[in-house]
Amino acid sequence: EGVLVFAAASLKTALDEIAAGYEDTTRHEVTISYAASSVLARQIQAGAPADLIISANEDWMDVLQGEDLIEVASRVDLLGNGLVLIGAQDTEPTEIAVGLDLITRLNGGYLAMALVDAVPAGIYGKAALQNLGLWNDVEGQIAQTDNVRAALALVATGAAPLGIVYRSDAIAEDRVGVIGTIPEKFHPAIIYPAALTISSGPEALSFLTYLQGDEAQAEFLRQGFSLPEG
Amino acid sequence: MSLSIRLQHQLSDLALDLDFDAPSGVTVLFGRSGSGKTTVVNAVAGLLRPAAGRVAVDDWVLFDTGQGIWLPPHRRRLGYIFQEGRLFPHLTVRQNLNYGRWFAPRGARRESPDRVIEMLGIGHLLDRRPAMLSGGEKQRVAIGRALLASPRLILADEPLAALDDARKAEILPYFERLRDEVSVPILYVTHSAAEVARLATSVVALQAGRVVRHGPASEVLADPSVAPAGVRAVGAVLQVRVAAHHDDGLSELEAGGERLFLPRIPHRIGDELRIRIPAQEVILSSRRPEGLSALNVLSGQVDTIRAGEGPGAIVSVRTPAGMVLARVTRRSVAALGLRQGSPCYAVIKTVALAPQDVGGRVVAP
Amino acid sequence: MSLSIRLQHQLSDLALDLDFDAPSGVTVLFGRSGSGKTTVVNAVAGLLRPAAGRVAVDDWVLFDTGQGIWLPPHRRRLGYIFQEGRLFPHLTVRQNLNYGRWFAPRGARRESPDRVIEMLGIGHLLDRRPAMLSGGEKQRVAIGRALLASPRLILADEPLAALDDARKAEILPYFERLRDEVSVPILYVTHSAAEVARLATSVVALQAGRVVRHGPASEVLADPSVAPAGVRAVGAVLQVRVAAHHDDGLSELEAGGERLFLPRIPHRIGDELRIRIPAQEVILSSRRPEGLSALNVLSGQVDTIRAGEGPGAIVSVRTPAGMVLARVTRRSVAALGLRQGSPCYAVIKTVALAPQDVGGRVVAP
Amino acid sequence: MGWLGPAEIEALRLSLRVSFWATLVTLPFGIFVAYALARWRFPGRQVLNGLVHLPLILPPVVTGYLLLLTFGIQGPLGGPLAELGIVFAFRWTGAALAAGIMAFPLMVRAIRLSIEAVDPKLEQAGATLGASRLMVFGTVTLPMILPGIIAGSILAFAKAMGEFGATITFVSNIPGQTQTLPSAVYAFLQVPAGEAAATRLVIISIVIAMSALLLSEYVGRRVAKRVAGS
Amino acid sequence: MGWLGPAEIEALRLSLRVSFWATLVTLPFGIFVAYALARWRFPGRQVLNGLVHLPLILPPVVTGYLLLLTFGIQGPLGGPLAELGIVFAFRWTGAALAAGIMAFPLMVRAIRLSIEAVDPKLEQAGATLGASRLMVFGTVTLPMILPGIIAGSILAFAKAMGEFGATITFVSNIPGQTQTLPSAVYAFLQVPAGEAAATRLVIISIVIAMSALLLSEYVGRRVAKRVAGS
């Protein structure tokens, strides 16, 4: 009875809200375990009793799929997200494009990002910087954190002048200002894939369906997520 | 019950190498500081594993490197009174006293705690912890703890050194009782000649880890060269019978038909005792003395005269009561013209016989 | 230098309340186990903060609750020999010995380490750690450590109890020298009458935390009711001068025109000494004795006869050499017809005067 | 605690339960291992010592990952144990296991130091009085090391209350099952505007751990007084 | 170490440096605080005790975040210190600060227990021989607690080697500056197929920490022998 959802930690605010709505309407219980996508994937590999996984990382979902741990048919790209360049609260917004004066803006300080080779937000951010032709210039000035929120905190506390984080994270942090959104063409599509595990019950499918419904999607959008095209 | 000890062991700069059989009763170990007394006791207790050797009480082998026998300390049924007390700091005096009793086998002879507590004068301390005791109080509790463990072998390492004389005099008879009545073998370390004389069935003198002399207490005490505390401890041990108790506080003893008086002793008429007569408390006289305050005069003949170191000599006098030793100056020997076979009188002060010199009962040596 | 001590303090069931001034020299504290001796010493050392009181050496106030003075222990310039040793386990014997010297002020009188080490016989132990010492060895190191700290006040809590007689005899003169030559005040706890007699300038008898008797050693020792180890410790102290050393190993002393012989002593001719004559070593005679091995006979008159407990009596005899005490039986008093004023002879065995009964030099009391 | 939501109260209760059992169950092992390390010489002693310390040295995530591999349902220990009905994976028992293992080195260290401070001469005295090794331990050593045991236990309890990395990696972050206070804090920290809630939970952790600490000081001091007998 | 990339060797060297300095610099404070807690009674003693233990109780991320708030460039301590030229933010010194603070409670506990095991009677004996409080500490207490100090230091060193959460949150993960071994391990664990590299680094950590441990056992035993004098 009930659905056990393994979800990427960055989904917490939105997903809690939506799950509460689902429980109200269906009287079915949804339990959500939030952790880093890598942790969730490994736990499913180790036989975790999860019914549904929502990852922030397509690679990990591919791994699970390769090991036949998810119902391939149920896999969907549930959400998208955007990357933003943030700075202090009062920073002037500007357009993010090739030739951005990032170095000047850093003014010797650090650019806060999630781990650029490990954490999805960091990987996307690195790709964007490369495509913007900025990577080689700033590579030595990046402060990497273990998750996006920590990067956000660096900027929020003034430790780092600038940072690259998910739009969904930046949106509710009062102490930072969004300088600009990084156009999607500069980085691979940010996808949150979702899928039922092979051990899931029928209830899980119902919740997954609910997540794709209007009510849920409206909430996601409100939290700064986007809906994947297609 | 006899105690047999053979040990070989090397300490930092002491080579322990000894072998002796002690008869039933109290075996006193003496020797100067650092001669290995505590080490021997520890080996008997099983706290130190000697390189080679054998320790047995009668045919009960505590350890034997030859046979590969090694009883762990807790199976040796010991009452070890440590030189440094070693009370359990987390237990009250009462719990310390009871500790050994918890582990004593059911059928073991049981000492009465009340009696031991009273003898040691520690009744008012029972609820304290060791940190709140004085030095002497600690040692008394340590003695009680060992005695109440119903031991089959008592190891006492200078048990009375920290106590005042009055307390010593109270506790000594208890060890005598253990020796005589309960016949628990006792290995006893002491520096005190009086304790040796009263308690020792046999005496083992150690020097640098080796036995330099071993024999019955009376023999070793009569030998100025090894007596525990030097020449001052030399003395004779007489076997006597209590003949009468007089109203003026004196007790009359009989030995080989001779009478001896000494301050009232607690024994019953007819009891057999042994008393130590320190050689230096004996005056010799060439004629029967008169008008002297000393009440005890034994007549006899000079047996031997051994000139000690210094100005003194030890004169043995054969009397009907037994051999008596006197320590006198060589000048006096000359003045009195003493020679082997000379008739002479041994004068012993009544009060010079200290209570600790009077032992409880005669033990067959 | 005089030591003045006033203390009030409550321990679990001991109420300490005492007040005494001790003259320069050695002040001996005695009393039964648990009477508060160590507690007093700790208060003087500053290890215990008494509820009220004052301790001063001359006008150097160590603490005074009235004036709010409290010197911490390390400013008191002590040489404290603890009842339980308290050697530093992590330091070698040498380092233990040197510990106090590190902190002694530059100008302080310095004891020669070599001399102290030799006297204590610990030269071969210098590189060991305390865990590898025997009980007596530990105590000797503890004594050395205190002496080498260049103390201005020595506190010794039963310093010799763990030692054998021969070693005691070697160490006692050292305390005498400290007392006489260096005039460091010494507060000394002991149960031994011989130590009291040799060392004590004054004696303070404690009972349940209170002073029951306080006075010069000779006085307290002559009083059977408080003598440290009971009646057997009663004795007279005579002041004598070394008159001659004889070839046969005897030394001749002179006191008030009378001659006394005793085994050879190390002092020089002309030296003034004090010697303790234990009451129980003295025999009384109503006529001049003849043919006796005892070489020392003093004639005099009976001064007082105090009947003690039991069968004995203490008879004081006024002799030209000074007052001599004899402990005899009441029966002998009657037999000899002794009364106040009776002429009589005090017979003292030459060899009965133990080496530890002979003190180094006379100190003005 | 009106200002705590039901999920937070749940997390608090779970954390207390997990820490309590983690401490209680590890304690006998802790005492045993501490004793063995302090007083016995045996081959493999240093290996044991090293093993005990591993959780301290490894990043907690690694420990959690190793636990997952070992005690997961498909793990070499997890499988057999599951057949016996003992399941750790994704249960609060697993959280307790993780917490216990993370706290173990601290507990062992504290107890071991106190064992080493007991004078073997007193244990010898016990032996001469007839007490077997075990009885000597029970009547002399154990009472004398009580302060160390209390200190070690409380330290372990506090550590268990704060344990996060290994726990979330091993048993995930399932509300009501494995979501301990620190996991809940983590989840809140991952989302925008979660700080207020996180702060609330942190304060609760602090209050509880401090109370335990104060209690341990008090008890430890009383016991130490008894043991020192002064 | 041919099988380690230059970045990994860099991380290893940094971890050693960070842990070494974290231990060394905290040690005097650790001894002081342990002594104060063990032997002095003063108002605020329990508060100090609590403060010292906080890093143990708090999830490391929280500690890192608090460090960021306090020692960040704009933090109440970080600002003034920066003016004095002492900067922690994004420096290896910050990593050492984080590691030191996380290890501090372990160090203090170990030292404190060993101080409490020193018989005050020996300290008294030192005082009667003319040593002032400080000298008694230096000549009696300190040498006797050396085993505890060594134990505590190695424990702290090991903990510092494994510290991750607080470090990455406070000073992030800047290769060559603040990327310690655990950060590198974490990064590898985040990506599928990163396990081999992570395992390699973990093994290195283990070898180092075990060597330290063995060394501490050896040194500690020798010192203890000297101190016990047997």
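Per-chain residue numbering starts at 1, and chain names A, B, C, D and E are given in the order in which the chains are listed.
FYI, a contact is a pair of C-beta atoms (placed from the backbone, for glycine too) under 8 Å apart; a residue touches a chain by one contact, two chains touch by 3 or more.
The shown structure was predicted, so the numbers you read here are calculated from the model rather than taken from an experiment.
In a view that ignores subunit D, the other chains are joined by touching into one piece. Listed by label, the chains that touch subunit A and also subunit C are E. Counting hops only between chains that touch, subunit C reaches subunit D in a minimum of 2. The chain with its Cα centroid farthest from the Cα centroid of subunit B is A.
Inter-chain spacing, taken between the CA centroids of subunit B and subunit E, is 60 Å. The centroid of the Cα atoms in subunit B and the matching centroid in subunit D are 57 Å apart. Our note on geometry: subunit A versus subunit E, Cα centroid distance of 35 Å, whole angstroms. Distance between subunit D and subunit E, defined via averaged C-alpha coordinates, is recorded as 20 Å. Under the contact definition stated at the top, the residues of subunit D that touch 2 or more other chains are 61, 65, 186, 189.
For subunit B, residues touching at least two other chains, in rising order: 84, 132. Shown for subunit A are the residues in touch with two or more other chains, of which there are none. Working note: touching chain pairs come out as A-D, A-E, B-C, B-D, C-E, D-E.
If you check the complex, the residues on subunit C that touch subunit E are 45-47, 72-74, 76-80, 82, 84, 86, 88-91, 99-100, 102-104, 129-132, 145-146, 149, 155.
Those residues of subunit A that touch subunit D in the complex are listed here as 4, 6, 9-10, 12-13, 31-35, 39-40, 42-43, 46-49, 147, 149, 168-173, 223.
Note for the complex: subunit E touches subunit A at residues 61, 64-65, 68-69, 72-75, 89-90, 164-165, 168-169, 171-174, 179, 183, 186-192, 194. Of all residues in subunit C, only 11-13, 32-34, 37-38, 83-84, 124, 128, 132-137, 140, 157-158, 161-167, 191, 228-230, 232-233, 248-250, 261, 263-264, 280-281, 283-287, 289-295, 310-312, 326-333, 335-336, 347, 349-352, 354 touch subunit B in the complex they form. Of all residues in subunit D, only 46, 49-50, 53-54, 56-62, 65, 105-106, 109-110, 113-114, 116-117, 147-148, 151, 155, 158-159, 161-162, 164-165, 182, 185-186, 189, 198, 202, 205-206, 209-210, 213-214, 217, 224 touch subunit E in the complex they form.
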